[in-house]
Structure formats: C-alpha cells, structure tokens
Amino acid sequence: MSVLGSGIFKGMAVTLKNFVGSYFDKERLTTNEYAWQANDKLPERAGDYPKEEAEQLSDTTTVTQYSRNFPMLLHDAGEPMDTVRCVACQICERECPPQCIYIEKSTEKKERSGNKAQFYPATFDIDVSVCMSCQICVEVCPFDAIVMNSQFELSTPSRFGELLLRRDDLLKSNDYYYKIHPEEASARDKRIADEKAAKEAKKKAAEAAKKKAAEAKSKSEAEAKAKEEAEAASKPTEPSDTPPAESTATPSTEPPATPTTEPEKEGSAE
Amino acid sequence: MTLDLIKDILLATVPLLIIFPTMFALTTWVERKALARIQNRIGPNKVGVPLTPYGGKLSLFGLGQPAADGIKMLFKENIVPTGADRLFHFLAPILSLIPSMLVLCFLPLDFPWLNGEQNSVKAFMLDGAVIFFFAITGLNTLAVFMAGWASRNKYSLLGGMRAIAQMVSYEIPLVLSAVVVVMIVGSLNADNIAKAQEGWNWFVFQPWGLAAFVIFFIGALAETNRSPFDLPEAESEIIAGYFTEYSGFKFALFFLGEYIAMFAISGLAVTLFLGAGAGPGVESLSWLKIFWFLTKVCILIGVMIWLRGTLPRLRVDQLMGFAWKFLLPLSILNIFVAGFAWHIKDANKETATSVVVWIASIIILYAAAKGLDRVNRAKVKPRTYQYGE
Amino acid sequence: MTVAAPNYELVQQDGLETSLLEVSMGPHHPSTHGVFRMDVKLDGETVVDLKPVFGYLHRNHEKLAENMSYLASMPFTDRLDYFNSMTNNWAYALAAEQLVEIEIPERAEYLRVIMSELTRLVNHVSLVGFFVNDLGALGTPLLYAFREREKILDLFEQASGARMMCNYFRFGGLRCDVPDGWLDRTREVVDRFPKFLDEYEKLLCENEIILSRTQGVGNLSKELAISAGITGPMLRASGVNYDIRKVDNYGIYERFKFRVPYSEGDVGDCYDRFMVRMLEMRESIGILRQALDGIENGPIMGNAGKVFKPQKSEAYGRVEAPKGELGFYLVADGTTQPYRYRVRPPSFINLTVLQDMCIGQQVADAVIILGSIDIVLGEVDR
Amino acid sequence: MNEVTAFWMLAAISVLGALIAVRKRNLVHGVFALLVFFVGLAGLFLLLLAEFIAVVQILVYAGAVGILILFAIMLTDRVTGRDAFRVTSRGSFWGALISLAVFLVILLPTIQDIPTIENPTPKETIVETSTVKQLGIHLIKPYIITIEILALLLTAALVGAVTAAQGGRASENEENNK
Amino acid sequence: MSEPVSHEPVLQHFPDVEWDDAFGTLIVPVAKATEVATWLRDDEAFRLDYCSNVTGIDYLDREFKEKVKNEEGKTETVIHTDPARMEVVYHLYSMENRTGPLVMRQRTNREKPEAQSLTAVWRSCELQEREIFDLYGIHFIGHPDQRRILMWDEFEGHPMRKDYVEPFDYEWEPTPHDEILEKHQKGTVIF
C-alpha cells in the first residue's frame, strides 16, 4: 500500500534532480554549441571561398572525424587536375542508387604526376540535393578517388546550380582529407601503399624468377629492395605548395600511425 | 473632481498593469528556461540587446526572448478561417483577457508609496472580494466557448467543450476550499483575510488549511488549464484545442490572458492560505508586503512549471471523476474538519488542542483521501511478467 | 478463431437524436507519428468507428528495388524504419544471404548482434518517450531518452559515418570495420545505460497518472494478436512467448543467454506494451555485454564475390526488429536485379488491429493506442 | 463623470443587449447578447452598492445560466437562422402596448419609492455594515425556514437529477449486456 | 532457423494441391484455398496459426536462356518459357509449435486475376491483401474491405505490375537533378 501520490512525487524528484544536475553535471547537459556560434561568426558555404580558405573553414563545419557527408574527389599534392586520381571509369555513376552522379570521360589521356597517362573526368557532377551519402560510390571506386567529405552546411538560396556540385567544387586535396578524417585517411593511404608495394614486390618477384636462372642468389637482395620501396611509398604525398595557414600539425609530414583495418573493396564492380 | 477621479483610477490600475504583464513576459522566459533545464537542454540563450547596429550584443541568457516573441506575434498574419464567425473569433481573445485582468484588482495589493505615506492605493475595496473573484473568473469559460465555437473547427469545438466542462467542475472544489478560510475569518474581504494571517499565522500551517491549500492548488491548475489538467489544449489529442485557429496577436492575447489568470489565481491562493503579504520585515517597510506577495506568487508559478515538466495529462473522464468523486467530497469533509478545529479551540490549552487537532485532522483527511482513491481507482488486475527462454 | 471488429451501436435515448462527430485525425495531426490519418467517428468523446488511412509516404520502395541491383537497394532499406536502419539492413542481408551461400565471418556476426541490440535500445527508449509524450508529458521523458539515444547514435556514426541512415551491412558481412576504441566506447555506453533505465523507471513506472491512463486501455487478446499476425513486443504484451531471435536463432543468437519478457495475463493493454519494452531493454543490455566480451579481431567480410548474381530461387529472411518481425522476401531470376522484392513491415501489419483496439475508447486513448503500437510511417507506407 | 453617467451607460448597454438577444436569429449570438444584458444589470446593482447581488448576478446568470443555455444550444441541430427571414406576428403593436401597460401598473409604484439617484443615501450608513453580512443575518434569522425548505427542495431536485441520469445509464448498460 | 514444416500430409489430404520443388512451395488451386488454409491452421500436426507474409508476384511471358551441360559435356542453351501468371504467396508459421515456414501459393491468370481472400482464416491478411489488390489488381473473393490502401482512391492502374507504364508526371517541376537525369538518358548509363 503506497502513499497517495508517491509515484508523482518520485517523478518530480527525478525532474528536480535533472534540473539541478543540468547546471553541474556534464552528463546531464550534453548540448554543445555550434563552433561558429561561440565566436559569433556566421557560416559561409565553403564553395564561395578560394580553395585554401575553404579548407580552413571546414574546420568549423566538421562535426567529428567520423561524420561523412557527401562525396568529394581526391587529388594528390599539386595542381588538382594534374593529380586527380579519378580516371572516369564511371563505376560510381552506375552504382549510385539515386543516380546523382554524372561523369563525362575526357577525349584524350593525360599524364599524371608519377603515373602513366589516363583518362580524366571532363565533367563530374554530383547533385547533392539527391545524394543520400550512402557511400556506395566510395565503396566501389577501384582507384580510391572518391571519398566522403564531412561538410553538411550546404544550404543555398537557390535550388539550381548551387546544389549541383561541379568537378572543381568536388576536387579536394589529400591534405584536406587528412584533416577531416585523419584515421580513415591514414588507413587508406597505408592500404594503397601496401597494395602498391605488394604489386611491385610481385612484379619484382616475377622478374626475379625470370632472372633466377641467371642470377639465383640476387633474389634475396631484390626482395629487400622491394621492402624498402614499400616503406618509402607508404609515406603519404607531399604537402601542397601553399599549406593552410592554421594547419598546425600537417599530417602529411608525419602521418598518424594508426593501423585501422580498412575494409576490402567489395560489392559489384562489373 | 474629475481630475482626481482619473488620477485615482490611474494610480490604482497602472501599477497592476505594469507589474503583471512584466511578470508575464519574464515568466514565459523563466518557463522556457526551466523546462529546458528540466529536460537537459539550454533553452533560449541567444536573443539579447543589440549594442550597435553593426553587431555585438548583450545576450543576458536570452532575456530578450519575450520581446522577440512579442514582436513576432505582433507581425504575424491574422488568419481567420473561412466559415468562422468573424465577430466572435475577434472578441474571444479580448474577452478571455478582461476577466483575468479584472480579478487582479481583488488581490490585497496596495501601493503605499504612490499617494503619500498614509493613503495607500487600492483598486477595489469590496466586501465580497473572494466571491467576486470566482464570479469573474467564471466568465473566462465563456471566452473559451466563444473561441471554440467561432473557429468552426472540430478540434476547437472539442477543446471548448472540454474546457467548459473542466472549468465548471473544478470551480466547485475551488470555492469549497476557499470557504474554509472565509468561514474561519468570517469575512469575504481579501484585506480582512490578509490581516487575519499577519505574522506567521498563515492558514497553510493549520491542518485544514493545508488540505484546503492542496485542493485549491489542484483546482487552480485545472482552472488555468495547466498540466496535468491541460486537456482543453492537449496537443497530442486535439491539436491546440480552442485556439487551434488563432494566430498572431490574437493568440498572444490568449496566452497573456492565461498567464494573467495564473497569476491571479496564485495570488488568491497566497491571499487565502500563504499569509498574503506577510513575511519578515513588513512591519518596518510596508512595501516589502508587495515583495513578499509577489515572491510567493512566483514560487507557486514555479511549482506549476515544475509540474508541467514532469506529468502527463489525465483523460477527460478521469479528470471529471477526480473533481467530482475525489476533490469535492474531500473539500466538503475539510469544511467539517475546519469547523471541528474551530469549535474545540481553547485559548488555555493551546498546544494540547493544536496537537489533537493536527493528528485527528490528518488521520481523517488522509484516510478519506485514501478511501476515495481506492473507490475511484479503476479495477485492474495486477500485472506480472514472465521470462521465456 | 478470427475476431471480427466490434460494432458500436449508438444508444438512442428516449427519442433524443444525437449525431456522430466525424473527425479526420491527420495527416498533419501532431501525434500520428508522421503522415498518417485516422478517420474517426466520435460519439461525444468516445470513438465509435476508426478507419486508418495509409499511403501519404508511399514511394513504391518495392518497385524501386526491383529495378536496381541487389546492393543498391541496401541504402533504401535504411529509410523503411528510419529509427532502426541496422535491423533493416540485417533483414535484407539475411534474405540475400539465403539466395547464395556466403560464409559470414565471426567478427561480422558479433558486430551485427551488437548493432542490432543497440538499435533495439534506441528504438525502445525513444518509443517509450514518444508514448509518454502522447500521454501529454511535454517531452521530458522523450528528451531524456534522446539524451541517451544520442550516445548510441554517436557510436553508429563512428562505425558507419552516418547517425541514422547507416547502410552498414553487406551481403556476407559488414561494409567496414569499426574504428579503434569503438568497442570500449560502446562498453561505456552500455554500462551507463542501466543507470539511466533506473531513473527512467522511477520517473514513469509508478506515476499514478500513467498507470490510470494506460491500464485497461487498448486491450488485445492473445487469439486476435496471433491471428492478426502481430509481432514483436506487442505480441509478447498480449501474452505470447514468441521471439524470432529465439525461434529462428538467426545470426549467432543461440550463443547468448537472454530471456524474452512477456505478459502473463491476457490483457495486452497499453501498459503491458510499455512494460514489455522496458523489460526488453534490460535483456538487450545483457546480450550486448556478452557480445562485447565475446568479440575478437578478424575479417568482417565474407567472400561475397564482386557481383551479386544469385541463381533462380527465392528466399524469405526475417529478423526480430524492435517493432516486430521484419521480413524480406526475394525472388531471384538469375539477373543482378531481384525479380520480386517484398518487405514484410511489422508496423504495417501491427496496425491491422488498431480499429479493434480503439473502438469504444476515448479520443485520447486512440492516440496512445496508436503510440503503443509503435509505427514508423516510412515502413508502413513504404 | 458621476453615478448618473454610469447609470445611463450601463442602462444603455443592458437595453441594447436585451434587444439584440431578442432580435438575433443566430442563437449563439443571442445568448452572448443576453449575457451582455446580465453583466450590465450586475453593473447597475453595483452602482446601487448592492455588491453581493451583483456578484450573484454574474455568478448565477452570466456564469451558470449562460453556460446552461449554451450547452442546450449545442445539442440543437441548427444554430443559425437568417435575420432576413422573420415572421412578425400580427398585432405586435397591441402586444407591445399591453406589456408596457402592465409594466407601468406593476412597477411604477415601486420605482417611485426608490430614492432618486440625485439624492443618494449617505455613504456612511452603508459602509458601516457590509451588505454581505446584512444579507447573511437576514437569511439566517427571519428567513431561516424558507432557506431550509429551499435547500431541501434543491437537494431533492439534485438527487432526482442524479437518479434520472443514473437510470439512463443503467438501461444503457443493460442494452450492452444483451 | 526454425524447424521447417513437412508438406507431405497436405498433398495426401488434398490431392489437388501441387508441390513445386524448385521453389519449395505448395500450389493451391484458388477454389480450394480457404479450405486448405483452414485445415492448415486447425490441424493438430500443423497448427499454422500465424500467416507472416502475403506477397503478390506478377510474371510476364518470359523466356529464360539457361546453359545446361548435356550428357556429352558440352554446354547447350536451353530456352524455357515462363508462362504469364499472377501469384499470391503466403508464408505460414506456427507460433504454437514454433515451426515454419510453409510457403503456399495461389496461382491465377493475368487477365482477370482472382484469388480467395484468406482474411477469414488469418486476420493478418487483411491489410496485405488490400495492398496486393491495390498494387497488383488481384481481386480477393470474400475480402471484407477491399479498397485501395497505399495509392489514392482515384488512382488508375496497378503500379507493381511488371507491364505498368508510368503516366505523364503531372506534378513535375524542374530540379537540378533533371539535368543529370537527362544526361543519363542520353548517355549510355541504363539502370
């Protein structure tokens, strides 16, 4: 037999505890203010700024390093179009569930820094008003050319044009990628390097096998060399010529050595 | 003579018209802040006073929010639904504000510093102040009905019907619990009631007074449509009840009327049970009376906000049952308890009698409440839950 | 066996004619949990007739999926029951994995269980909040629930990059592994959760108003519940001990020790549905603890192959989603697109008995009965 | 600005309210006009310093009776009629004349007995004893029997009403049981 | 997985019922559907008291090319024809025995599709059959409340049918996505 109204009083005790607790207990008041609200600066669309500034700005528009919103195109250090990784193979376009990507292949091949000549995307549009950030394009890309950005403040006053991100809006440097998703970026680069090294080692091994008949004993040396090269390749690309002003710990100089296991590429890439 | 009359009228009404709407504005802010904190949010904290036209502002924990709300309400479009009764749709918010404003005059609030040291100013000096209060509060019902009927909306109509039934029902325990005080004091005059409680002789410190206060407070919650009795505006059931179709300043007037009614009824509760302006230091500084009075009102409002943040609402039949089957018998019993206490009062053996009165009253009232609760509570089987593998 | 919808006869008293008030509750009514409409006929405040109206959010999800590759409709399953994208993913993956034989790695199975039980916590805790909100509680319990839900959504975000539309499961495993330290953070959240549940129960379970509002409201008998295909907590509240985690033992659920709470009586009212969910959360925490203890490092993706192209066959995969049995029925015709793709949405079928439960109750009860069914319109309308 | 002005204003409001209440075909409008009349009357009572009567006027007539009528109206099917369609009965002129005559015959002597407003009773005598108290004493002392009989009657009526309502519900339950 | 139900007793009890081994399903003639369903629900051995899922399927006339190895070990293309038909698939479980599923089909023609409503047997069919009626146009004989459910009442056609052609979208308004879709249509990308 309970006291009359005891349930109500218990409930009121809980709310009182929460009321008082919200002033003292961080657990009870988990709300954070927007970064830009703290210093009374209105957010601007990153696309309105010159590239370097935009990349700095995205500090304030990134929530956590894990949040992934809308795809972007990666390029290595240097002039974006010279180092873009995308070869316009159009797999992502085909696999995109809401069909928001449009790619036009370039007519001629173009030399990339350090790589052999490849096609490049003449047009690469993503309609972010349709994109649902499902990351299937990232998953199916065989060249690690498309990764997820983390900008979410993309509201614009107009419905046309500005929500259709063009190729130049989408091109982002690897440094920027390191900045917004450090763990993921280093893991990805490590994997790329490993794959490259494995490939080269294989190639070397094959060559060595050919030469084996002639020079059997040089095999071990070649492998040691391959290993060395793999280590060299695992270092990410050099920083861009004009590094962001406030990028204090540029990850490119010293990549965070967090060996996160990155998923193998799966899904259909037919 | 005419000039004197106008001066008197102004002196009597202007302070009330300044104090209570200001308190209303602050209360909306406090309520939002307090509810936010109860719900582990921050609440409004941005709107402040702009310092220069080019930027920079004084936030003051979002104290500018009521002003911003008011401005927003003023400039919103006034929408009258097609098929609505335009005249009544317009009159209803005004009619809901007038009674709540009017009853403020019956509170024992006088402003001593306004008209010289001796002549304190008071709006009304009526013998039947308490009963006047209830009569005029009852008029609110009509405004609610008007709003509900004139909107030509089924939800509004349902809300209006609920509101009328609720207000009519809860007026009875409200009046009956006030009767106890009237009976003991022997006057309907608010000033006499206040005078009877000077010092620390607040009626809430009597057993019957405590019971009557609790009943009165519950009734007051229902009269002002506050949670858990906010059925006429239950947003999960009937959208916003009788003011579903109101927008802009008309809605603001309803809002204002509702909060002023809250102040008024809390003011009456303070007058009847919490010693009106009594408090430490009132003998030397007469204006402290007003301070204490308003402080007590604010505490009651705070409890209302707290309840709003905690409780879900009742159902219509439960609400009516609670008024008629629980509060009404209890308040009638309380009248007898008060009579009994008054009857055996003995100046010679004050401590002994008061102890007897306390124990007897509490036992009687609690047993009655418990019994009523048991009778009224719906019969349900006790629940047991099993775990299957 | 089937129980027909009860008929309410208007009582005519002494020739006094009364007419019914027809109210269309929805689609923009605040407590229909989305765009849902109930055509209600009222006698005073008593519900005489109630007809649910669906389809405001209909986008023909099934047709869309039939014109897409198998993988491409995975992100769209998130949008079915947007509170529980993980279990939706799992049900779809389960059906597709029956079409082709894929071995799922150990770690992936563990992570699937962890994700789905976290989802169950998210769903039940916010459902109870919404339910009390429907009772008129101004959102306080809901916001407490959301405070805890945010922590779990943060975990989802860390794992998959998105808070709600996770799109995390793949045929044969998971899309990517969880980041470093994720399991520790999960353990922290899981360890803190019972403390929150204690507070929540103190706030809600003894409140006299909640008791009197929910007990005896919206009764659902055991027979009708079984016949109408009610599943999930709602079925167990009606006194049937049936949990697909136990019956089907899909995934690796047979490794965990957990109990299925169900009501002993056959009342099956709103209070039972509310309490069964509260009790289920405690069991989910138990599963989570065991799973976090048992998980080991390893691969997270089986050898699904590059192209998902099953042979001509059909499969029906079902999981115990927080709202009930979520089933996916796939008919493959040997191409990369499913020939028939059917979702068996729990909240849609649970709505079958809405009319039966509401007739004779008050308007206010109709709202909380709808709340206790726990519907998400993305799933109902598909 | 004195009592006379107030009197005329209140009188005008009351008469206007009463007229509108009679003339309006929209029932709800009519009821609210009637309420205006009641409140105006209460104001007149207040002017006569009969504050308790004024309170009762508002409490009973504006509050209770008004709401009762409103509830009755809500049970009817058609609330509004059109003001243009009005059947004026023949001989309305004679009716008005007769009612005026009755009014004069019955009320004129009473009106003449009342002290005129220009010469009101001195304030002090009224303020001395409050009307509420006087009324209470009168009700308890000379009219105690009447009051008790009235109370009994009202209680009987209340019990009767409850029984009637219960009877209705009982038959309903029986029907449900069938 | 829960224990599957053996279909043999059904075939013995009802000679009209066929068993399709490829899909593992009973094919029940429309006329007998209610009888079979009631028996399945009430029979002590089955007690299939829970109808989980009701699905409509639309088959157009289709030709399948299948590469089959013949006796000589050579691959050979065999052409199957799949006749046009409509099917209603029921997934039946038993809550009492915790067994299931047993899959049951009613097969009907495409021109005037009709099937027996099993709402009287399992109440859970009520909304699902309404949905099939709405999206496939299969008429359920004996359904208590056969109206459109997901599409609006004035809608014409049955959108889930394989030969359904989308009408001109009168609610169309331009979006930036149109540009992309147009390019998709012009280009090689076909979904």
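A few comments on the model shown:
Should a chain be cited, it is by its letter among A, B, C, D and E, assigned in written order, with residues numbered from 1 in that chain.
Here, a contact is a pair of C-beta atoms (placed from the backbone, for glycine too) under 8 Å apart; a residue touches a chain by one contact, two chains touch by 3 or more.
What you see is a predicted model, and the numbers here were worked out from it, not measured in a lab.
Separation of chain B from chain E in touch steps, taking the shortest path, is 2.
Interface comparison, B-C versus A-B: the pair with the greater number of contacting C-beta pairs is B-C. Put simply, the chain farthest from chain E by mean CA position is D.
Every chain gets a centre from its CA atoms, and the centre nearest the mean of all protein CA atoms is that of C.
Among the remaining chains, the Cα-based centre furthest from that of chain A is the centre of D. Centre-to-centre spacing of chain C and chain D amounts to 60 Å, using the average Cα coordinate of each chain.
With each centre defined as the average position of its C-alpha atoms, the distance from chain A to chain C rounds to 33 Å.
Centre-to-centre separation of chain B and chain D, using mean CA positions: 28 Å. Counting partners per residue, chain A has 8, 11, 14-15, 18, 28, 30 as the residues that reach two or more other chains. Residue positions 38-41, 309-311 of chain B each touch two or more of the other chains. Residues of chain D in contact with two or more other chains: none. For chain D in complex with chain B, the touching residues are 1, 28-29, 32, 35, 51-52, 55-56, 58-59, 62-63, 66-67, 70-71, 74, 130-133. Per the touch definition, chain C reaches chain A in the complex via residues 68-69, 71-76, 78, 140, 144, 147, 150, 154, 157-159, 161-163, 165, 167, 170, 172-177, 179-180, 199, 202-204, 206-211, 300-301, 304, 306-308, 336. Those residues of chain B that touch chain D in the shared complex are 1-2, 5, 85, 87-88, 126-128, 131-132, 134-136, 138-139, 141-142, 145-146, 149, 161, 164, 168, 188-189. Residues 1-2, 22-23, 41, 49-53, 55, 57, 64, 66, 89, 91, 95, 98, 101, 103, 119-124, 126-128, 135, 148-152, 159-160, 191 of chain E touch chain C in their complex. Only residues 1-3, 54-55, 58, 60, 62-63, 67-68, 224, 226-230, 240, 242, 247-250, 312-314, 316, 318, 325, 327, 329, 331, 333-334, 339-340, 342, 344, 348-349, 351-353, 381-382 of chain C touch chain E when the two sit together in their complex.
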